[in-house]
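We call the chains A, B, C and D, going by the order they appear; numbering starts again at 1 in every chain.
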Amino acid sequence: MTSAYLHHILNPTLMFGALGTIALLSLVFKENKLYRLFEHIYLGLALGYDVEITWTEVLRPQLWDPMVRDGQWVWVLTIPVGLMFYGVYTRRFEWMSRVVFGIFFGAAAGTVFQDMCQRFVPQVRKSFKPLVPPPSAPGDIHSTLHAVSYVLNNALFITILVCVLTYFFFAFDIKNKFLLLMARSGRLVLMFAFGALFGATIMTRMALLIDRMYFIFVDWLQWAPK
Amino acid sequence: MKKFFQPINVHEHPGAFFAHIALGLAVMFGVLAVLHVAPKQYRKSIIAVFTFLGGLYYVAEFFLPAKGGSNRLTQYNDLVANIFTVVGAYAIGLGVISLLQMHIRKVVRTSPGWGNSAALVISFFAMTTFGLLNAYAPKKVLLHGSGMHVTNSDVFNFLFAGGIGNFGSAIFSMIAFFIASAAYRAFRIRSLESSLLMTAALIIMLGSVGFGTVLTNWLPLGDNPKTEFWANFRIENIAQWLLLQVNTPAQRGILFGITLGELAMALRLWLSLERGSYFDKEV
Amino acid sequence: MLHANDNWHVSGLVVLISFIIVLNVIIAQQGKVPTIRRIPGLNAIDEAIGRATEMGRPALMIPGITGLDVGTLAGLSILGHIARSIARFGNKVILLSADPIVTGVAEETVRDAYADAGRQDLYTDDDVRYLTSEQFAFAAGAAGIINREKPGAAFLFGNFFAESLIFAETGQQIGAIQIAGTPQTEQIPFFLAACDYVIIGEEYYAASAYITRNPTYLGSIVGQDISKLILITMVLIGVVVASIDQYAGAHGLHHLSINLHKYYLDLLKT
Amino acid sequence: MDRSIWHKMQSIDSRYIYAALIVAILIPLFCSKLVYLNIPSKPSIDFYKTIENVANTEPSGLVIVDGQWSSSSRGENKWQTQAIITHLMMRHIHFATLSFDTQNHTLTKEIVSALAAKYHYVYGVDYIDWGYRPPSAFQPVLKGIDTNIPGTLLHDSDGTPIASFPIMKGITTVKDISAIIEISPTSSIDTWLGLVQGVNNTPLLYAPTAISAPKYYTYLDSGQLSGMLIGVKGAGDYESLIHQPSFGTRATGALSFVYALIILLVIVGNIGHLKLRAIAKSEGISRP
């Protein structure tokens, strides 16, 4: 082993990352002491980063700087409100934490109207799929076939949509055999769709593991050819 | 009144600045004290009122008629978002206290696994310290001599890029292992449902990788109108059709239901109609 | 769409749906309580807790990894009911949280659940643990805890993302009975593959109603069902109108086509 | 046959599965000379043809390469970027890189500088780095590209005015751009489609992760997208189209092994399961 290679292998940042990667991945075989150590180091680092980011990205630019630099002293009034969170720790002031949690519940709920209008309603409009084919393009030798597939695809789309929605009826006591069949097939189509999603996700996940192996065996150890 | 809330330069008028802060804090704590001494039977209503007010701004901002994309309230969007961000940031202590308390206790009592807890606490303080040092004095030299030149930002990079960055990728890539074992176990011809799950996944898998597409490579690619029809039966095109024509409407059906559920839950919360262990308790 | 007046038809529709839901909640609260269909998976909750208790193992709960949003609150509400059952069985719970505010709400929820069952003695402050809000650091910590504490039952209800499979598969490997649900649809396939029972889509928001049979929730479900019926009707009418429009377009009936767009197809355009 | 072998087949210890998975990935990593069965998909071929077309018809045209990926999707996007940049340089097409992600700027720069040395690309003459812009500026920058490129971007990543470089001569609006390439794990392509592509029907090419690809097939059909490289398979396709096998080819090979392994496992599991069920049925016992 040459000293240049050793120097490369022992590069602290690279080695720390590579050892941690191996230790963390070893969990899939067995929970072990090395995993436990790196798990705790990782948690500590991440929590520390949370605190650091909270200061540098939120509290410093949005509270400290406006107060001290721009003299917007009113921001100090947020401190008593923030302190109410800590009521959870005492029996006496516990209820106060509910007030501030309540404000946050309210805010989370209040944006729902815009969300519904912007994200949800367009989906309703996009489901207006015609069951009549568009006029065929000039020179299209498969015009009948294209028309048939257009109608069939749209009909399938609407059928699946309605079946799935039927499955999600909870309060209506469905007795009609046809509707029951629709709800049942709705659930089956859902399973089929979930299978497709599962299959479509595998490549992206595997690519990441391949990349990690590359990191260890090519970038760090340099055992495999570059 | 409005004048009272005006900014004051701390360097020019330190007295006025701190007087305003003291007075402001006193009034805020006064309000909280009044809330606290209010008769207990009002507490539930107080919470309900604050919850309603918490959501009212966004609802009002949305429904008030706007011209050219903004109405009377739109200009305060940034401010309201900032207030929620700042107040929310104070809660970080809840988490830090919860985790550190547990691990410091372990270290102090030297209970089993205290070494790991010590590692957690040390990493926490190291990251916090060097994160802040990196933000304020990144170029400051920590170690110097014998070919070494280490700055605050180097240590931060060691912890962040070497540590958090690589560890995050490692855990993310762990999913690859689990996806394989989960597929092996779940894709069984056990019931109609699991068979459907399996069939769809296998078709998509074959359609997206080299040896799968080889299976139907004897079919034309479809760049010629005469052979276009047969190209539909190439495995990658079947997979694509499944994702577009079967998966999309199914997802949309789910979306309809979920969004309605979300709306209902939001309305119950906002109007304090919600019931359940957390919401029903007498306070 | 930034404001309601960008398209009053759209915001009107949303207000109508909201009104229907609130109205049904109030009707149910007045005493006219409806019933709802069975939700597969939720019946297994007590069985899972019972088995964990028999084995002398705690139960694990994770309310997702996001901050306090509507999905997380729904998850916490389900977990609150489950925590009561766990307390009644006299078992311990471990709740892992990835957000400081959620940690606060979760602590109160779990403590209240034990208090309601008269088992305050079983609850300690270490039962609800904040790990970190960093997605994969949280996953690493949770996977470690699952492996070491070996819960007998796991309940995953909240917003989960790519890391969902890490929890579900490690839980599966240590033999926990797992029940999961999430409004993040892309993660449901992985829960289906690794958990014993999965609730899907809107069932997530109907779960509290099903577990508690609480009139408020049940009324809300009726409102949601009526809204869905309205939406289906709108879509079906839309399909018919769009078909006529396509026909009109192909046969030069432009006037008809313009009117169809004006009076139906484009009403919800934003 | 013995009942236990069927039992083993349907409940293989997951640790063996994980070990097999690692082997399946490592074989192509170590044996770089292996040849794999891989047929480039149609979207990949279209992507390649579009770039070839630029090289043949507008040899002095400028191509924009916009990156939005960071280390979390580098397993796919990094190799796509490398293959695309290689092709651009092989055909001596001028290009400009742009990033809306802090990490991406560094990562893309690394790839481009390494390849520039190999293909003797001169900065400012053959390629240019438009630099990093914060994500919040994404829409405004794209709007600006429509009408005034030097005025919107002003400086390159070193602070030199971009108008002063020879490569920018005659480039003022989107009409002077020969093609746009977007490499991204997010749905950022929507914004390019919505704000830029339609202005002059500029060929728009997309390199997403495999997960986010399905949503965008419709844009291929409608011709708004001229080609798409899907995940790491897309990178492998591209490397074979330009005859420059690199990591993408090895990773695609690894993927083939991994997929074959998973499919094999599913088959083995099902054989065990079905056989045990049959045995149980014949013995009159309910399901095993």
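One rule holds in what follows: contacts are C-beta pairs under 8 Å (C-beta built on N, C-alpha and C of every residue); 3 or more make two chains touch, one makes a residue touch a chain.
Bear in mind that the values here come from a model prediction, so they are computed numbers and not experimental data.
By C-beta contact pairs, the most connected chain pair is A-B. Central chain (C-alpha centroid nearest the global protein C-alpha centroid): A. The most distant chain from subunit B, with centres taken as the mean of CA atoms, is D.
Centre-to-centre spacing of subunit C and subunit D amounts to 34 Å, using the average Cα coordinate of each chain. Separation between the centroids of subunit A and subunit C, computed from CA atoms only, is 15 Å.
Each chain gets a centre from the mean of its Cα atoms; for subunit A and subunit D, those two points are 21 Å apart.
Subunit C has residues 2, 4, 11, 14, 17-18, 70, 73, 101, 104-105, 107-108, 131-134, 137, 140, 143, 162, 170, 189-190, 192-193, 200-202, 206, 221, 224, 228, 231 in contact with two or more other chains.
Each of residues 14, 18, 21, 72, 75, 210, 214, 231, 233, 255, 258-259, 262 in subunit D touches at least two other chains. Within subunit B, contacts with two or more other chains are made by residues 62-63, 88, 91-96, 99, 164-165, 167-169, 171-179, 181, 183, 185, 187, 197-198, 202, 205, 208-209, 243, 247, 251, 253-257, 262-263, 265-267, 269. Taken together, the subunit C residues at the contact with subunit B in this complex read 2-6, 11, 14, 17-18, 21-22, 25-26, 29, 67, 70-71, 73-74, 76-77, 80-81, 83-84, 97, 99-101, 103-105, 107-109, 112-113, 116, 125-126, 128-137, 139-140, 143, 162-163, 165-166, 168-170, 172, 183, 185, 189-190, 192-194, 200-202, 204-206, 208, 212, 214, 216-217, 220-221, 223-224, 227-228, 231.
Those residues of subunit B that touch subunit C in the complex are listed here as 61-66, 69, 71, 88, 91-96, 98-99, 101-102, 164, 167-168, 171-172, 174-175, 178-179, 181-183, 185-187, 197, 251, 253-258, 260-269, 271, 273-278, 281.
Within the complex, the subunit A residues that touch subunit B are 12-14, 16-18, 20-21, 24-25, 27-28, 36-56, 58-60, 62-63, 67-68, 70-86, 88, 93-96, 98-100, 102-114, 116, 119-120, 123-124, 127, 140-142, 145, 153, 156-158, 160-165, 167-168, 186-203, 205-206, 208-209, 211-212, 215.
Considering their complex, residues 165, 168-169, 172-173, 176-177, 180-181, 183-185, 187-190, 198, 202, 205-206, 208-214, 217, 221-223, 236, 240, 243-244, 247 of subunit B touch subunit D. Across the interface of their complex, subunit D is touched by residues 28-30, 200-204, 206-214, 217-218, 223-225 of subunit A.
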